Each structure stands twice: as C-alpha cells, then as structure tokens.
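Each of the next two complexes has subunit A plus one other chain: subunit B in the first, subunit C in the second.
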Partner chain A sequence: MTHAYRAVQWNKHKRTYDALIAVGVVLFIALFVVVGLLQHEGDHAAHPVTLILRATSTCAITLLTIVLAIGPLARLSPRFNPLLYNRRHLGVSTFLVALVHGGLATFWYHGFGVVDPVTSVFTTNANYLPAEGQRWQSWLHGFPYQPLGVFALIILFLMAATSHDFWLKNLSPRVWKNLHTLVYLAYGLIVMHVTLGFLQDDVSVVYAGLLGGSAAVIVVLHVVAGVRENIKEGQDGIANTEWVAVAKIDDLEDAHGKVVCLKNHERIAVFRHGDKVSAVSNVCAHQNGPLGEGRIIDGCITCPWHGYQYRPEDGQSPPPYTETIPTYRVRVEGRDILVNPEALPPGTAVEPALIHETVGEAGDA
Partner chain B sequence: MIRAQRRRHLWWWLLLGPLILVGFAVGLSVRPSASATTARPGATPTQEASP
Partner chain C sequence: MTLWYSLLAVVGVYLLIGGVFAWWFVTRGVGRCDDAARTGTPMFRVLIFPGSVALWPCLWRKARSAPREVSG
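So, the complex of A and B:
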C-alpha cells in the first residue's frame, strides 16, 4: 500500500513466485535451444544465437499472452483472482526477456556495420511505403518489421518502469491505467512484428498456428469478458429509488460480500460482518479490483486482487495507510438489506446496520 | 468512472482485436509458398534482410 515509497515489499510468496518465473524462463530458453540444436544438424543446423533469439521471442510472447489472459479470466471467474496478485511481476519478466531478445538481435544483426546499430534497425530496410508500381503483397512481405518490435519494447519498458505503486500513486490511477492500457497496442505490434518477420520465411504451420491461435484466444477472452459485464450491468441493474432492496440477509455469508449493480451507478459491495451489514464501493482505490469478491480479514474488507484493505464502517484503510473508498447508507428491514444508492464521499463513516434490527434506518452518515 | 473505463476497455478490444487478427491473416497471406522460398536453410528472415 502507499504509506510511503518503499522498494518492493518482498515476502515469502513473492520470492517463491519470482523464483518460479526465473527458473521457468531459464528452463524454457535452455530447452528450446537444446532441442533446436538436436533437431537440425549438418547443413540445416541453426546458429545457436539464432536459436536463442527464437527462444527469447517465443518465451516473451508466451509470458505476455499469459499476462493478457489473466485479466479477462479473472473477470469471467473469481477462481482466477489469485493470478492477479503478482501479475506485474510476470509483466516485468516479459519486458526483461524481450529486452534480451531485442538487444541480442540489434547487436547480432546490426552491430558489425559502419552505421550505429540502433539507427541501422530503422534504416537498413526503409521499405515503409510501397515503391512505385510495387504490388502491395510484395511490399508487405518486405516490410521493415524490426521497428515494430522496438516500439513494442519501448511500451513494455514504460510499463515495467512504472509498475511500482509509487508511480500508480504519483501518476494517479486514471493516468496509470491508461498508460498500462498501451500493452494492448504492444501486443498488436508484437503479433505483426512476428508475422511480417519470422513467419514470412517459416513455412511450417506450428509457429503460425501458435501465434494465430493464442491471439484469437486473447481477443475472444477480452471481448467476451467485456460484453458479459455490459450485459450483466444491464440485466442486474436495479431500478433507482431512495432505498433499494439489494439482498436477503440469508444470502450473505459471514465475512463475505455481495456485488450489487444499480442502474447508472457504480457497483456496490455489501458485506456482512458478524451481526452487522455495511456497504461500500465495489471498486478498490488501488487498481479498481472487485472488493465485493474479497473477504473480511482482520476486520477489514480485503481486495482479492492485491490485498488492499478497508474498514467496512468507514471505507478507510487501517493506519498508517491512507486509501479511502465511498461508503453507502444501509439498513435492514425484516430479512431484507436495503441500500441508499447515493455514494457518500470516500472515507465517510456510516454506522453498520444491525441484523437483529427490523425497523428503521441505521445508516445516516 | 469505472463503468466508463470498462466500456472503453471493451471498445479497445472490439477495435484492436479484429485489427490484430486481420493483420495476422493478411501477413500470412503474403508469404511466398514453400517451394518459392529462397531463404537458406536455418536462416532467419532477419539474416536475409541484414546487410
């Protein structure tokens, strides 16, 4: 959380997670190179550097595909929420592997000429526009694909460099989120970098199938998750009145919440804690995680994405942290839980409704 | 704000998703056939294109 700037707050889980990523990456690249060396011998042998380039590019794309799949999977099913916890570590690993690929490719193919290697990447093939009379197929076949990879690497660098919560806080969640949305553009650039580069001369269906298949899966996952949420908001939207019955007491398990969609309003998370009921915004102040899918741990609503915590009665993070979220007035009538859909300013204290209370409002700020 | 962000996110993919898939398909379609490939065995396209 954002009490002050600190380096990554390592714990045992994070160390294990990162160790697994590192071991996985090294094993992937080593296996790729060894199998490549054994598979092609004699005249057909590929140079070890070429194999390392292919291994690092395949590894980076695999990591990026996993990173991009986690978001929509978590929106489609809360089962995948734990994968979100350290997603940024996977993202930084993606950048590091891609950096090895880009650096090695630049050095290997452009480092021995008279032109500066980085300049050479952009100028060796300057076929950015079709020559006069050139067929578009021929132009596209010879398109300078390497700069596409460079632009993608720059985006990955920006994301890796700003992945720490320090930047999230300083850039503001809105700017930070928009900046990190650029990963979609980076993904598109990488797909075209490989399609117009390596795949132009690789006639096997293996790599084309893997890249096309994974791209289709990523696109479909994101679209399905987005459409599903849109439909859900339309269907579940409860008509707005001053007080809205959002759930039955028996629907709520102790220390668990329920997400409520109200028409033209943000989602609300209603929590039961012992014999009390509280309602807060469903949106975590950290990265907009779905608080209603979290649990109450140590008396605090705990975001299922990164573990940010808020007190249910006032939407404030426990000291020394300073995050706040909007709260809602809530009351219990019989077995019904009613919420006033007007959000109160973040951090506003609201008396929780008591479950044994059957009549009357119990939540004015 | 979050509702708008969710919608923006969907629009991103409705726009970018087909673009990526069409770009990929068009990119594959301009590949020369296997028999016409002149790349030397084991070489990457980068090697062919490099000085």
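So, the complex of A and C:
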C-alpha cells in the first residue's frame, strides 16, 4: 500500500515548531535592523538595506549553525531528538533567509550596471588568482568573496529543494545522503564568504568572533559526540535470553517495520520483507534516527531521517558504506513473531524468519 | 571573464531545458516514476518543481526507464 504525497506532513507539533521558526526569524531580523539604526546615527549611520543584508546573513549563519549542531547534540542526548526530527524545516528556513540575503545583495550591489546582475557577481572582481609577485595577504584582501556565497546558496537550494521524501525515494537514498552531506561544504564556503567580506569591509570584530566561535562549537560538538559514541560502543548488552513475542504477522505491512520496546527499554525494529521477518536495533548508527519508522527501499531498511541504509539480514550498510547496527534473532510461531532480546554485535548476520504460506496474507491492506 | 560568460550561458541553457522538462514532469511524468506521486496534491507538485528544474537529467533518465502507463 502506498500513500499519496502531500507537500508537508503537518501535525500539531510541526505547526508549532514552524511557527516558532518563523517568529524567531522575523524578530531576529527586525531587532537587528532597529538596533543598527539606533546604534549608528549621523555620518556613521548604516543604510537600511545594508542593515537588512547584515541581518539576513547573520540570521542564516545562526540557523545553519543550529542545523549542524542538532545532529551531534541528539547523539549526546535523546532530549534533542525532537529537534532532529524537525530539522528539515529549519534547513529550508535557512535557505529562504539566505536567498533573501543573496537576492538583495545581488540587486543592490550589481543591479544598476550595464551587465546583468548575476553575471556581474562573477565578473566585477576578477582577482581569482594572485597576480605575479602579489603577496597572498593582499590577494586575499581583494579576493572575490561573493561567488563563494553564491555556491553555498546553490548547495542550500539543492538541499531545500530535495528535502521532500519524494526525492529520498527517487534519487535513491545513497545519492540523497551524499547530496545532503554537502551542507558541510556549504558551511565552509559561507565561513570563507563572510570572513573575506569582513576583511574587505572592515566589519566589527564582534561578528568575526561570533562566526569563529560558531564554527568552533560545531567542530567541538561533532568531535565530542564521535568520541563519546566510540567509548559507549560495546558497553551495552542484555543478559536476558528468553524469547519475547513482539508482534503478530498481521501487524506488519510488507516492506514496513514496527518498533517494539523491551522491558529494559531497548527499542527493536521488526521488519517484514516479502515472506521474511528480521529484527534490528531501532537506532540508526548515523544520528539515532528511528529505523522502525522507515521502510525497506531497494532491499535495505532506510532511515526516515537521512536515508542511511542497512540490510535487514545483517544490519550492515551496503558497500561502500560501513555503518552497522545490532541485529536480533527472530522466529515465527503461528502468527506470532518472537525476538530474542539479546542484541548481537553490530553487523552480525542472522537468518530471517520465514512466514509460512499457511499463516495468511496479512498486510496488504 | 570569457570563461564565466560561457559557464553562465551553459547554466542558463541547462535551467531553460530544466524548466520545460519540470513542467511536463510535475504535471504528467512524475506518476510514471513513483506510484505515490500519481495522486500527489497540487502543492506537492509545486514543491518538487524547483528540484525538478535543477535535477532534470536524473528524473528524465528515471522517467524514460519507467514502464509506460496503460490508458483506460
């Protein structure tokens, strides 16, 4: 059974979350401009358009920093999981704010010449390579930083435009994942774009400090989350070896899963694929996404958050990826699916349980 | 600078083809690739339009390899 696509799968929480993002963005930009107007008067007064440009750029960087921080934060504490689950909308908001910045900057600084504005962005300053004998400091001081922002905006656009589940399915999870990993390149381009802009425009060192601090926070969070996961790995284990009935065959739709929680709070994702049943950890190795809420695409369990994939029979990502998740022994008795709650080491092959033909044709509603 | 003019011209042509393709794709072709998109809402089609313009070669290849719809 398939469901018709809708633009957004709204629910009460997502509406609240999106309303908070919208109000936050508008307040941020409005406050930034008002404070800027009040702070500088007379000869030092900044033009309102300049203030809007600075406000939107600062807002977009702040949003992107939050987007990149959510992943490692959720790996450090499950309290951040709700943010992770709604991160796509924050990413789209980041693109929209960056688009306002890029569009306004293009037409404000390049819209009044004989060359069309987009071409002008790339051709007005041709100092892409250092001149002979030119010092690198001098070269950087005159480097055309605006195209860097354009390239970052293109990446943000591609990510926002492909954020719908339609793209995850039709580009293939692997391509989709690789495409969205480009966010780190976009962040690097933005850091360079802003840093070179600071160098050339003599903007306050406060901005430079905030940008450097944000980038440092992102790096530290990713490192800490990675180190902590490595330490934690191998410490978990369940001594209970009794088989537990976790679901009925009829509960499972083909290529879909069901999340079950054991007494020790361990969450297991049980999947039906054709006439077979497999059980794996519900926790994606990438960012703790709920695998049981995903589907089987191209023979692999596909995380609903970022498209990471695992083979149901051994919990391993298909080559060339190397992520692994714990697997569980599973068997079918009558219409019951039983799981042995003892988690096997990540990537351990387990023979799927077979659904006998006499069991019935459940799940084709 | 000639390089930039040439590159931007190529990008312009690419997007122009993408725009024409995307119009066909979101109105008719998308159902070939994905059953769930066949009855997708109008807003869903609007939402995938920009991505279809940008990534039209991928979708074109997918639409070509998809089985043709049987009328009636």
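The working rule: the second predicted complex is superposed on the first by the 223 of 365 C-alpha atoms of A that agree within 3 Å, B and C clash if a C-alpha of one lies under 4 Å from a C-alpha of the other, contacts with A are read in each partner's own complex, and residues count from 1 in each chain.
Note that a contact is a pair of C-beta atoms (placed from the backbone, for glycine too) under 8 Å apart; a residue touches a chain by one contact, two chains touch by 3 or more.
Small disclaimer: the values here were computed from a predicted structure and weren't measured.
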Which superposed partner A:167 touches (first subunit B, second subunit C, both, neither): second
Subunit B versus subunit C as contact partner of A:62, first or second or both or neither: neither
Which partner, subunit B or subunit C, touches more subunit A residues: B
First (subunit B), second (subunit C), both or neither touched by A:53: first
Partner chain in contact with A:197 - subunit B first, subunit C second, else both or neither: first
Which superposed partner A:177 touches (first subunit B, second subunit C, both, neither): first
Which of subunit B and subunit C A:110 touches, first, second, both or neither: first
Contacts of A:348 with subunit B and subunit C, given as first, second, both or neither: neither
First (subunit B), second (subunit C), both or neither touched by A:185: first
Subunit A residues within the subunit C interface of the complex: 2-8, 118-119, 122-123, 126, 157-158, 161-162, 164, 166-167, 169-171, 175
Touch list for subunit C against partner subunit A, complex: 1, 4-5, 8, 33-41, 43-44, 46-48, 50-51, 54-55, 58-59, 62
Residues on subunit B engaged by subunit A in the complex (per definition of touch): 1-3, 5-7, 9-10, 12-14, 16-21, 23-34, 37, 39, 41-51
Complex contact set, residues of subunit A against subunit B: 40, 43-47, 50, 53-54, 105, 109-110, 113, 120, 124-125, 137-138, 140-142, 146, 174, 177, 181, 184-185, 187-188, 191-192, 195-201, 203, 208, 211-212, 215-216, 219-220, 222-223, 226-227, 229-230, 233, 266-267, 283, 288
